[in-house]
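Read from first to last, the chains carry the letters A, B, C, D and E; within each, the first residue is number 1.
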Amino acid sequence: MTLETIAGLYNYWMVIFLMMTGFYIVLARKNLIKSVIGLNIFQTSVFLLYITMGKVNNGTAPIIPPAIVEAQKSAHESHAGAAAGGVAEHGAGVAEHGAGVAEHGAVVAEHGAGAAEAVHAAGDIVYSNPLPSVLMLTAIVVGIATTALALALVVRIREDYGTVDEERILELDRGE
Amino acid sequence: MSRFPIIRIITKLLIPYILLFALYVQFHGDYGPGGGFQAGVIFASALILYGLVFGLEAIQRVAPPRIIEKGMALGVLVYAGTGVLTMSLGGQFLDYSVLEHHVLTQWHVPSGQHLGIFLVELGVGITVASVMTMIFYAFAGRKHAHDT
Amino acid sequence: MTPDLLPSDLTSAMLMATSVGVLVTMSLALVRATLGPTVFDRVLALNMFGTKTVLLISVVSFLTGRSDFLDLALLYSLINFVGMVALLRFTQYNSFSDNVPPREESP
Amino acid sequence: MIALEVISYCFLIAGALFSIIGGIGLVRLPEFYSRMHGGGITDTMGAGLVIVGLILLAGPTLAAFKLFVILFFLTITTPSSSHALAKSALSKGLQPELDVESEVELPMLGEGIRQ
Amino acid sequence: MNIIVFALLALLAITAVAIARLRELWAAIMFTGIYSFLSASWMMILDAPDVAFTEAAVGAGISTVLMLSTMALTGQGEDIPRKSSWMPILIVVVTGATLVYGTLDMPALGAPDAPVQLYPSPSYVERSVEDMHGLPNVVTALLASYRGYDTLGETTVVLTAGIAVLLILRRDPKEASATEPSAGDEPA
């Protein structure tokens, strides 16, 4: 067991610890609401398991920073702009209008060079994997909806049996 | 919570901001963190906060259960309807690229994919907000077990 | 990561020190929340914990150079209030309808 | 620019120190109403200073605006919930423990609140 | 950064154990809120701000409110542990040990050559730059466009769960009082 193994796997062990705590609550506590809390903890640990898998070293969140998006966009546009500028230059003698456009084209082209640099820099950014995020994002909302369903069942059980104690409910069931 | 005037005032002050933030999360979700699921939950949180402070009757006057009930289904309909729309335009189900247009380009909806994602997220947001609010109504409207 | 997104060395050291301070406070609040002894002590600790989480998220988002994630801290500061109001409501009334008298106080 | 950064460092560190002091107060002070002082200092001075420090660090950007909004929300929500908490505690019969020997019995202290 | 992560994880573990040990349900629900805040902070550090967003909104707000209202409806029962306390611990320890043994073959945290990172190639981030015409949030693009069917299903599940809660809990007060004795929802 080297230090490297620990540094690489501590996230899984943490997740397992949390998972087992939730499992223990479900097993060892008789109160139904407490069991739902235990299930919630278990659920969150599963979310964390997926999220830790998506992480990349030195990565950043899979949301492209606004500055870089702008740079990419203007790089696209300046391609077109530079081409138009070239055409205008070709027919330079025709009119002042053409010269104006050409100047504009040159400016855009310069801007384009800057943008290209930015895009190049953007290529160095490592993004973490977005797929686990997507899966877990929907799972959280579905999880709260199903938790609400479980709690609704608990409420009904309390109304019918007069208790939320699991063993007491089983006794009542056997007695009838 | 009639005994807590300060909480009532602060809640009144805060709820517009929470709703605004929910809308920001909904419509800015393509650009920053956020989206329909989060926005729906935040929107429902604002309604729940109002209900907690001013009582169930007050919140049901603001957001009547009849309307919220319909919102639950409406969201899924908007989502599936987007799919049907893309089919009727000649694409596959939920294939947004057929929604390509040149109308909304000024308003940060430059392409068909953007428009499709926008509609779908809207549907998700409506459903999640309505379901969460309705669940709160169901729990809050239940009578005490000790009373019966 | 591009270098211009990340803070400089001195700045990140300072942010790190701040976040350590915030974390220490969080653990102190957790100690109070576990010890109790009254309901109100726990709620007080929870309130403080929420505020500290807002600070931690803000500082961490600066530390990772993604200050556009401050939305998250904004959300925390709003949701924390909702949670607090819910807890207060249930310590005070233990129910939703205002008609129900508050829980009988000790004789 | 450097001066601004140095000022923001001062704010950050001061905020962190205030937080820790408040946290120690929360743990060490003897009873609920005095512990509220500890909670109060972290929620106002601690949070406020840290966020002002971050605003200075961010400069005039969207991030600074968001931080300002966060500061606004924290400023209005935490004191009001602390107030409501104290009021609720008082109405539930949790009496402040005074240093002075009290001749009157404090009958409401205890059952139902201590857990 | 590592200091922050380890401190957060320690706090998370302490909170989980506190939830397991606390007898009062009320306090346990309160600690669930803290637990959710902490796990959302870790998710944020793990580069998943969208998930952290959802977890924070759900865990600290709605989940707390729902559990508290359930508790208000069912009464604050003390949470008494079962008589045999060694059996659950044994099961949990054995299961946990098995799982830890299983992790020894897992890829390390953040390894760029882990299977998760390699499979959809080119990755969704690279693809979405082309497909989405500069939509910055890849998570949203993936959620609504690449995995649109999946999300439609999830939304339907949320709707179904909401309808089920309504079917279980909602009873029109007028109807209930009118048809009280013969109502089918009374215990048999």
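Everything that follows uses one rule, which is that a residue touches a chain if its C-beta (ideal position, glycine included) is under 8 Å from a C-beta of that chain, and two chains touch if they have at least 3 such contacts.
For reference, the UniProt names are A = Putative monovalent cation/H+ antiporter subunit C; B = Na(+)/H(+) antiporter subunit B; C = Na(+)/H(+) antiporter subunit F; D = Na(+)/H(+) antiporter subunit G1; E = Putative monovalent cation/H+ antiporter subunit B.
Just so we're clear, the structure is a prediction, and the values are computed from it rather than from any experiment.
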Touching chain A and also chain C, the following chains: B, E
Separation of chain C from chain B in steps, with touching chains one step apart: 1
Chain located farthest away, centre of chain A as origin (C-alpha): D
Top-ranked pair of chains - ranking by C-beta pairs in contact: A-E
Reference chain C; chain at largest CA-centroid distance: B
Distance from the mean Cα position of chain E to that of chain D, given in whole angstrom: 30
Averaged-CA centre spacing for the pair chain D and chain C, given as whole angstrom: 11
Centre distance in Å when chain C and chain E are each reduced to the mean of their C-alpha atoms: 19
In chain A, residues with contacts to at least two other chains: 58, 60-61, 63, 65-66, 126, 137-138, 140-141, 144-145, 148, 151-152, 155, 158
Residues of chain D whose C-beta touches two or more other chains: 73, 77, 81, 84, 88, 91, 115
Of all residues in chain B, the ones touching two or more other chains: 3-4, 7, 10, 14, 17, 25, 31-35, 37, 41-42, 45, 48, 52, 128, 131-132, 135, 138-142, 144-145
Contact pairs between chains, per stated definition: A-B, A-C, A-E, B-C, B-D, B-E, C-D, C-E
For the chain C and chain E complex, residues of the former touching the latter: 16, 19-20, 23, 26-27, 30, 33-34, 36, 39, 42-43, 46, 49-50, 53, 56-57, 60-61, 63-64, 66, 69, 71-72, 75-76, 79-80, 82-83, 86-87, 89-90, 94-96
In the complex, chain B residues that touch chain C: 1-4, 7, 10-11, 14, 17-18, 21, 25, 32-34, 42, 45, 48-49, 51-53, 55-56, 140-141, 144
Complex contacts: residues of chain D adjacent to chain C: 5, 9, 12-13, 15-17, 19-20, 22-24, 26-27, 32, 35-36, 39, 42-43, 46-47, 50-51, 53-54, 57-58, 61-63, 66-67, 69-70, 73-74, 77-78, 81-82, 84-85, 88-89, 91-94, 107-108, 110-115
Touching residues (chain side chain B, partner chain D) in the complex: 3-4, 6-7, 10, 13-14, 17
Residue numbers on chain B that touch chain A, as the complex places them: 31-33, 35, 37, 40-41, 128, 131-132, 135, 138-139, 142, 145, 148
